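In the two complexes that follow, chain A is the common piece, with chain B as its partner first and chain C second.
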Partner chain A sequence: MATRENSNLEVMKTYKLFIGGSFPRTESGRYYPIRKKNGDLLANVCLSSRKDFRNAVVAARKAQSAWAGRSAYNRSQIIYRIAEMLQQSEDSLVQEMVSLGYTPKNAKEEFDYSVDYLVHYSGWCDKFSQMHSTVNPVASSHFNFSNPEPMGVIGAFAAERRALIGVLEAFVPAICGGNTVVLLASHKLPTCSITLAEILAISDVPGGVVNILTGEREELLSHFTSHMDVNAFQIWDASKEESFVIDQNSTENLKRVRLYKSSIRTRLSPYRILDLQEVKTTWHPIENISGSGASY
Partner chain B sequence: MTKVDFNSLDIRRKAVDQVGVEERCARFKSRSIKKDAKIQGLKMALNMIDLTTLEGKDTEGKVRQLCHKASHLHYSYDGLPTVAAVCVYPSFVKLAKSLVSNKGIKVASVATAFPSGQSFLKYKIAETEEAVQEGADEIDMVISRGKFHQGEYSYVFDEIASVKEACGKARLKVILETGELGNLDAVYYASQIAIEAGADFIKTSTGKIKPAATMPVSLVMLEAIRDHYFRTGKMVGMKPAGGISNAKLALHYLIMVKETLGEAWLNNQWFRFGASSLANDLLKQLVKQESGMYQSANYFALD
Partner chain C sequence: MAKAKKDNDWNLAPAPESTGHVKIDKKYDLFIGGKFVPPTAKKYFETVNPATEKILSQVAEAGQKDVDKAVKAARKAYDTVWSKMPPVERSKYIFRIARLIQERAREFAIIESIDGGKPIRESRDVDVPLAAAHFFYHAGWADKLNYAFPNAEVSSLGVVGQIIPWNFPLLMAAWKIAPALACGNTVVLKPAETTPLTALKLAELFMDAGLPDGVVNIITGAGSTGQALVEHSDIDKIAFTGSTQVGKMIKRSLAGKSTRLTLELGGKAANIIFEDSAIDQAVEGVVNGIYFNQGHVCCAGSRLFVEESISSEFIRKLKHRMDHLILGDPLDKNTDIGAINSEGQLNTIQSYLEAGEKDGFEMYQSNVAVPKKGFWCRPTLFTHVSQSSVISKEEIFGPVLAMQTFRTIDEVIDKANNTPYGLSAGVWTDKGSKIFNLTTKLKAGVVWANTFNKFDPTSPFGGYKESGFGREGGLHGLSAYLKITG
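Coming up: the complex of A and B.
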């Protein structure tokens, strides 16, 4: 007999895409089911098409220069804000991970690590560039210095077996350095990525800076890697066949490619930010080298 | 030219069914155009562009750059058409003419105190004559929207007729600035006035006011052209301008023209796009059709 408590109709959540700061359905109208361990339907999620990807790249390109133009300090504040908003959604996200098959302990561990991960990179935003910048000794009367600049729009395939940290890895170091990102979430564990998108939408992250698609790697790989307006591509746990396609397509616009292996405690390092930066060297004419007695 | 009295003409205000217009426009957007038809459509749209620069900050250098772009759209794509015309302020007509006249590209000049149109008729006529003398093939004039709102329709009519006379052989495009007219009934009425007064083209907007060209407004203007054609057998051209910046939308416009007016209007003699960034998007889509890869703005010249 139904009691008053469980007589409420269950409202199932619609998981949509995250493009340009809004949540559209896939233009293809396709979806695929995600099931709980016991076989019950957890959700239907969008099966993105190449047009969704194309729209996401347009949104990412549009957002890129303004995002890179913000002060590094402000980017840092915004990434810290994501951590704050993530923290307050702990219960629902951990529960969602459990329904995807995580043990409660593993879910909690990955969640806590994700929050730490965001806080860690928020700190790097206004520090990595002085770490990686140099003043170079040259044999002419120039003041010569190099500093990292964002590459632009980054395509990413997130780790297949990490529902939450996998998504963060795929965009946080990138946006930390002023890039914008189009990422494809894990095929089997996609729901956390869209829940995370809802958190991004209320974290002062400007629309288009992070764009999240759900769907199949195989269908979208050639489009991600051949698009001329994507400046770099990063992928977690690529198969041999996948890396072959990536190598072949990325030559067209000399896309930078980064292949990573996923792990439970992914690496925390400012070099992850540098992976998606171009180094610009400036030759600034000076009249008199070492006129003031300085060493360069 | 004998002067026509506006009040003697049979121009009546017509109530436009706005809901119907919007539904019709939504249907144009549902057509699917692929492969060969798409390539043909993209090239056709490219050939209909009035490549435009109308900024206070325009310099001779900018106009030179625009004229170069008009005739060299892409460095490697074979068999591309040129754009239809370049559209500039009167002071740049001579320069533009010297740069593109041997390439089959026309020079259009705005005139009549563009974009506001708030000046004296004698100066508007003088400006038009000067622009034509400098070599303009086409004149884009603005109507006096203020007078239109005051109900002085005969003033608006006479002004267009006088400018048309000043144009001589140059074709006259009449800008209604639909974003300032208020509603579709007014758009239809203003279209009729412009057509009766001798417009060779009617044009939606200056590009300085939002909203600029929209599909519903353009459809109403196309219908005014069609109604006039059925009454008199005379063709009038159409030029939507402002806000059409991507290839998909341009194809939707071509569909709208074909289904409203027919094939006869599908060439740059009778249909134009007033645009600047549209050209690059059309080129991107053409190269994408050829290579299969989505393109980046990095590989296309600025206009």
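Coming up: the complex of A and C.
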């Protein structure tokens, strides 16, 4: 496909990173090549550095409180908007997945499921907290309630073998609940994550809410897990060695750690949103004015 | 005990609680497999009354072999009895425990005050009734767990190791044991080395309740016993309440293992007073926030933020209130401030007092005499401290309050959240919209508005950030003791 016709050379896309709503190249100037089955170059993607990661955390932190402060209705619409924008990119994304080695059937199946996944979680934004908040019947004269709140900035390593749904899993439940995310895409199948970033950029997702890096797990794992301004870390298909490093490094700021296994049809569940929420409990006295039981 | 007060209108006659009814054995063994057994190494340590420095009893020190025995007993009980029992039967055992605690409440309160130094008014009105309430509340969950997490499957975890601190010895045991049992797990509990007695009394009570052997095992000892429990290979979950430093050590030592973990750690809570608050109530709330239980409270309101416009009036009223706190015999029903839990803790607190003075902050201590014997610390207030000072950053775990002022809401939110801790916070204002602005922005697991230091078994408790993870109490607390697939 590199030379469709001599007179009409294909314009190849430069795959960059997605940080704070912009598309910078890695500051390190490093890259690694992704090749099609036939050996042709598909892209030179960025080999992100620690500095890129740290910049992304700054962007994610800056965006977090405003994102959490948006109404659940608004977050819901934005995630639905991602589904709309994804749907219209079907041809190019399926084509890209095929270039990465998917069969057309598998590519189509993962694509369709990805759209459904977004639609599903879009609807959770303004419902999960209703289902998992409580008014607690304390024995004293207080009004007491517990509700979920976003943890803050989430670091994520996406599933290695899922080019598209793996990226969505790594940020959609997180942003549903008002978190912002810095994620590292699959090393072998990284390009769809950047194409998805281009979709996010036209889906009203505020800059910094989702930040996407490409690079090597091994190089970035210790940085993701030891960063003091990252509140939680989630990873798909962690090896034993990786999970040891994660536990060790996450101790310093008591990062919340979530380990998942990838599957073709990843589970649709509000519990994935709750995995990245803190529970806050609020108390206030109730004044009892008169013996008749009336109070204001 | 006559109190020599320099300036206190309340010269109340002593009103000590009678201890005649209470029996403390000379020696306590380990509670393993439903009976008391001596420790393998035959080692015992002393537990003392911090108000008199008198030795109360000798308590067994569990070594690695004892820990292993306890875990095996818990595993056996889990496999053969507890996990197989119909949930409603489990529920009935836990209800029974709640009732037995209520019946023996006075005895438990007295022993708690003797062993730990807390005022009888608190152990009688807070610790013991809440401990009973925790068993009663969780008992009812045992056969209703499927309703707690919609559309998810829940199951018990197995054997749970629990390590608890010395500030609320019986209450912490109840917070840990009740939900663990209700969710179908069996338990190995390690109480703190300075306050083992009420947990051992609880073991006696479990025998009276007919709780099947090995469902709860109680092993006493210090840090090394706790470490052996954490490192045991047949533990499914560790629940720890204590310092952030030890919590982090536990997390590191579990690295790469599948053992589940919840941590309820330290705090440095902000208690924020706005000029439009009910000032006298706020003063009372601040006193309750920091001087309750001698400040040995992980969620204590140890950082006070007062709006600048009312700061001098507030400080005057606070000092006046501090001067009327009665310090002394924990068993006296008039006592507000009891003994510091141990000599070691007293030394820690004193090093912070020195650090605060060295930093040049003005220190005020209440105008009260302290008894000659025992471990005591006067209620202390540092005014106009700096945000970066040691006494406003580190958890002191004593009756020491560090005060700052503020001018704007944004400023006080920034200052309040500028800490690695996130366990609790307090807000005092009569304006509802301001309350919700703050309660949503404060990064803390429990926020008290126009109140402080309130606890209830139905109310989830636990921290953000380095105050730990997981919740205890309420519906949300059940998830700490269940496998939830949903």
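In this text, the second predicted complex is superposed on the first by the 281 of 296 C-alpha atoms of A that agree within 3 Å, B and C clash if a C-alpha of one lies under 4 Å from a C-alpha of the other, contacts with A are read in each partner's own complex, and residues count from 1 in each chain.
Convention: a contact is a pair of C-beta atoms (placed from the backbone, for glycine too) under 8 Å apart; a residue touches a chain by one contact, two chains touch by 3 or more.
Not measured: the values here are computed from a predicted model.
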Chain A residues touched - chain C or chain B, whichever exceeds: C
Partner chain(s) touched by A:252 [first = chain B, second = chain C, both, neither]: both
Which of chain B and chain C A:130 touches, first, second, both or neither: neither
Chain B versus chain C as contact partner of A:54, first or second or both or neither: first
Chain B versus chain C as contact partner of A:229, first or second or both or neither: first
Touching partner for A:71 - first (chain B), second (chain C), both, neither: neither
Where chain A meets both chain C and chain B, residue numbers: 252-253
Chain B to chain A touching residues, read off their complex: 292-299
Contact footprint of chain B on chain A as seen in their complex: 54, 57, 61, 223, 226-229, 252-253
Chain C residues within the chain A interface of the complex: 133, 149-152, 244, 247-248, 251-252, 254-256, 263, 265, 420, 435, 439-440, 444-451, 454, 456, 458-462, 464-466, 468-469, 471, 474-476, 484, 486
Residues of chain A that touch chain C when the two form their complex: 131, 134, 136-140, 142, 144, 146, 149, 231, 240, 243-244, 247-248, 250-254, 256, 269, 271, 278-285
